[in-house]
Each structure stands twice: as structure tokens, then as C-alpha cells.
Amino acid sequence: MLHRLRANRPLVHCITNEVVQEFTANVLLAAGASPAMVVGEGEAEYFAGIASALSVNVGTPYEARIETMKKAIRGALAAGKPWVLDPVAAGGIPWRDKVIFELLEMQPTAVRGNASEIRFLAGVGTGGKGVDSLDDSSSAIEAAKTLARKYKTFVVVTGLKDYATDGERVLCAVGGSEMMTLVVGTGCSLSALLAAFLGGAERSLEACIACCDYVNYANDTASTRSSGPGSFHFQYLDALYQIRPEDFRK
Amino acid sequence: MLHRLRANRPLVHCITNEVVQEFTANVLLAAGASPAMVVGEGEAEYFAGIASALSVNVGTPYEARIETMKKAIRGALAAGKPWVLDPVAAGGIPWRDKVIFELLEMQPTAVRGNASEIRFLAGVGTGGKGVDSLDDSSSAIEAAKTLARKYKTFVVVTGLKDYATDGERVLCAVGGSEMMTLVVGTGCSLSALLAAFLGGAERSLEACIACCDYVNYANDTASTRSSGPGSFHFQYLDALYQIRPEDFRK
Amino acid sequence: MLHRLRANRPLVHCITNEVVQEFTANVLLAAGASPAMVVGEGEAEYFAGIASALSVNVGTPYEARIETMKKAIRGALAAGKPWVLDPVAAGGIPWRDKVIFELLEMQPTAVRGNASEIRFLAGVGTGGKGVDSLDDSSSAIEAAKTLARKYKTFVVVTGLKDYATDGERVLCAVGGSEMMTLVVGTGCSLSALLAAFLGGAERSLEACIACCDYVNYANDTASTRSSGPGSFHFQYLDALYQIRPEDFRK
């Protein structure tokens, strides 16, 4: 999957939150994809049609930007391109939850969240505080399957273990470190990377979990080389760049 | 104070400038707080009520965002939560000064600025060029006391020496390096960290100066490990993470 | 030129894209300039008049921000200050192209782009995919000269070789590495640095190519010290800070 992503160098259209735009772009570049943060009212719908995939993240939504997200989603759907929804902090703020459910109705190819977000969206939890998952990811497996079936989408729950499901099958990836939770944007950029895998490698459940495996590998590599979140930040980007497909054979 | 902050892991609502959002979030995470950059028209007031503290920074103000700041401030005040004002470049641009004085009337728990900003707000200076302080911080002690008494707020002046005052007492912290002025957001993130101390440790003058001490310690540590502003940037985040309360006994 | 820039410490007003604001500010600080990202409707025109130079980048344009760009440009022109246009992704999206041509009519002091952008603006190419240049920079020399003559502006084409022209003379700088293309904002921040050289050193073709030389030097230095785009990011900032004017004599 990683080999195919790099060969295709997918152009990933990101409409993400204000906080993590630079980091998300750098994660995509380090992985071998090509980021484009197109947010203009007049160009988002057009551009989503020519990009390889779209990633929508509601970390800092406001009305004008939400309209642009919807335009871009319509552009992606019309062109048959995959799009990923990152429902940041679902369950935490009623106004935002309404936005998230509206986007969820627009046929995302995949939804990526932590356990509390996924549980809330599936109707079996109360949501979390900020972007930190309060629940173990395995606690959200059934919720993820329910959500995937209801919206006919892939659902990816990340945490100490990551799960990807299409509503029937469940694939699991293991890895990751606490350090990742101390750098803003690691989860958000994973969602953008998921769009890169779906648009640049393959539109499949296997591509979803391959993305998680790749991120976990980079995460583990960076953790052992870091003495804090500052050094983790650059080591993580270096690791994403250095990891080669053949490294996974080990 | 640092021990208490980490035990409470305060949720800090930040409405800050476009330039330093990622760095501010990473500073809060490295210190042990939980950042949330909530800026939506429909959620800022609600969220300020459930967060532990609010930090407002006017580094890149524009009308829609200023309205959101005011909503969030009303939410914080209604819930009795502390909020911090960072009056970036006060005295530099008349339009912005008007905005700053409007926010200053909204009962901030603390105001954090450099000497030229604080002197201007107290009516004894002409303000500065950009975000660089043109004055020695000690030159602003009397201005800080005046400002604190007038608005019944803590005032923190940072520079080579830092001063915190409630209008009567003045506490001082020493430390810091020139390198800090070569990385954007060190001052802005200090204001967010001040909100974290006020909301997560204690609402007191002692908490204000503890925040400065902690930042100075991290700054000094990072300076000795850096060969330029790029390496300072990540060393500073590592230092904030590594410093333990017991390190201050030395 | 570098000596003069640092002696004058120019205040560079940047209205740039959402993705690279922090990096652009840090590049300017590391080089010895003073960044100010002033984007308020009520302050952009005023501030452009008091800054040393203005840098406008259309990486993430939307209507409100485009209006602010135009206000700032009018402020810079009225005060006789230089301004630089970075036409990100020109030729890629019709809506954006219209915006770029409107800005191009407002008498930029310099235009900085990659080969495909410059070729498109000169009417001899079809533009590129995202921000990556698809053409060798030397392929755009004639286009750059045409563009410079038509709009009476300096044109700087960057790539593996960089060219600066006023429509008659062409100066060349050599250097740079592939790593630079894997960190978002290296090109965008080069445009801001170009504004710093034009406003803080000299308004000349020589200042344009001096800026490219300086960036290439930092780029080469950082490349040899990096093991990936994460470490390149901070090494690049360190190198910009460490390079002294006398180093160019070697």
C-alpha cells in the first residue's frame, strides 16, 4: 500500500482545523503524498474534483468554513473521489455535534476518530473532553461496526490499538506511544493520511489498516529517538519519510 | 503550582492568533494542560463555560473573530472561570488599540504583555513596533501597578525580568534568553500557559509568577541545548515536558 | 545585502496562507527581520504603510482575505513600500487565477514563483499541480522576462536553479535540495524573505538574487545535517540564523 501511495503521489485536498494545517501538510509530504489546503469559496468544490482524495476535519469549525467543507464534499462525491471525515470532539459540544451529523449524512468513505467520538456517533457514549480519548479503543469496536453499517462507510478507531471496520470485518493494528498524545495534530494528520491511502493506494479496508500500521511504525521509531514532545515532532516526520515498504517484512 | 496544574490537567480554551495556534497547543500539552482552540460562532460561549480557563490573544484580530472572543469571554465570566488577555502590539495600530480597550473592559483575570504594551495600556507610553518590546521590563512596573488597580486584574510584564502585580504587591522572576525572541509564539503561548496556571493551579499572584519561573527555566534549559532558533523551538517543548516540580528546589 | 538587512531589521507585513504562517514568521526572525502577520480589515492598509515591505501569498485565498490583501497593497503603494506577490498554484484553478491576475495588476515590486506558475502567468504554460513545479526552472527564463516587462516588476523563478530578472538582465543562483520540497512553506517563506531584502537591504535585482543565494546556502547547510524533512525543518531555521555575510566569501 505504501509503495503504491508513493508511486501515485496522491494530491490530498485538506480542509482541516486552523491548528494543524502545517503539521498535516508536512506529514503528507513526508509520507510521499502531495497536500493542498484549498479553502476558498470559489475553488473548494472544483478542486475536490481534481484532487485524488479529500480530508475534512472539524477541529475548529465556523459557519463559513463549514459551507466550504460541504462544497468540497459535493465536488468529491460528484467526481467519485474518496473523502474522510474526522469528527473532532464529537459529543463534546451540541453545536458541533449538529455539524458533524450533517457531514456524516454526506456519505464519507471513511470516518476516523478516537473511541469516545466513535461511541458517541454510534449512539452508545457521551463523547469526550477535548480531543483526548477517555475510553480504551477496544471498547468502541461494536460502536464502530454499528456506525459503519448505518452510514455504509469504513470506520477507523485509533488509540493504543487501532481498529478498522466496514461493519462486518474488523482489522487491528498495534503500536503507538503516549508521546503521540502530547503533539497536537497527530490524530488529525492520520485522517489526512487515511485519505492519501484511500485515494493513492486502494479504496479498501486493508488500505485503512495499512495507514494505521504505517503511522504506528513511525510513532514507535520516533518515540525511541525522542526525549520529549518537541523532539518527537521532528523525529516522527523523519520516520514517516525514512520508512520503506520492505521494512514491514521484518 | 506545577504539580497542581499537572494533577488537574486544565482544559484551556484558546482564541489566539493565526500564527501561533500549533505552537500554543504544543506548549500547553508539553506542560501538562489540555488545549482546545474553539472558535466557532455557535460554540465559543458554551465551551468557555466548561473549560478550566480562557486565553484571548489579539495577534491577528479581525471582526468576526473579535465577536467570537467577546462571546467566549462572556461564557467564561458567567461560569466564573479565569480569562487572560494578551494585548499583542498594543499602541501600534489605532484600530487594534480600540479592540484591546474594549476587551480590557471585560474584566480579565490577568493581562500579560511586554513593557511597551503595558506602558501604553496604562497611558504612559506610545506602544511598540510589532511584538518586540522596545523598553526594559522594569520600566513598566509602575505602569503595571496602575493598570492592575484600574482594571482590578493581575498584570504580568515579561522581558529579561518578569513582573507580576495585583496593583499592590510586585513579584519578580528572572531568566530567559534572547533566543526566545527569535521564535514566534513564545510570548503568546506564555499567556495561554498563564491561563492554565490560573485555571489549573490557583487563581493568585503566586500562580502568575510561578508560570513565569517555569517558562524561564525551560527557556534557560533550551538555550544551552540550542544552536539556533530551530533547535530552540523543539528543545523548549522538550524542556517544558521534562521539568518536574522538584527541580525548582535546586 | 544580508548585513544591511540585519542592520535595518525590516518589519515585514505578511498576508500569507493559513498553512505556513508560523514557519514564515520563524524564517523571517531567523534571518534577522521582524515579521507581522496583520490581517484585520481595519488595520491592514494602515499597517502596510508603516511596515518596511509587504508580502502577499495566495496559497489559501478566500474572499474576505483577498479584500484585505488589496487594502494592504493599496497601503504599501501609497507609502512607496515594496510588495511581493507569490502566485501559489497559478494555472491550477480558474477562480484563483482570476484573483492572481487582479493582484498582478496592482504593481508588485517582485513576483516569485516556480517555473510552471511563471510560465502560466506569462501565457506560455498551463500551470501546475499543487505547489510542485513540473518544469525545470530554466524553461521559464523567457517567460519570466516577458512577465517582468509586461508588469514592470522583478520576476524570480525558483527551482534547482533560481533566476531573477527585470525583463532585461537575468541573474542566476544555484543550490538547494530535494528536501526543501518536502517541507511546506519553504517557497512561501522565500517570498516573504524577498520582501525583507527589498525593504530592508535594497530595492534591486541584486537584492532579489542575494535572497536566493542566502536561502540556497541555508538549504545546502541544512540538507547535510538532516536525516529527513523533520530535522531539515529545524536545521534550516538554525542555518538561516547562523549564516553570516562573511561566509559568502568562501
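We just call them A, B and C in the order they show up, numbering each chain from 1.
Quick note on the criterion: contacts are C-beta pairs under 8 Å (C-beta built on N, C-alpha and C of every residue); 3 or more make two chains touch, one makes a residue touch a chain.
Because the structure is predicted, anything quoted here is derived from the model rather than measured.
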Interface of copies subunit A and subunit C: same or different residues on the two sides (over or under half shared)? different
Rounded to a multiple of 5 degrees, the Cα superposition angle from subunit B to subunit C is 120
Cα centroid separation, subunit A vs subunit C, in Å, comes to 32
Multi-chain touching residues of subunit A, meaning two or more other chains, are 18, 22, 233-234
Interface with subunit A, subunit B side, in the complex: residues 11, 18, 21-22, 25-26, 29-30, 34-43, 46-47, 64, 68, 233-242
Within their complex, subunit A touches subunit B through residues 17-20, 22-23, 59-63, 89, 93-96, 129-132, 181-185, 226-231, 233-234
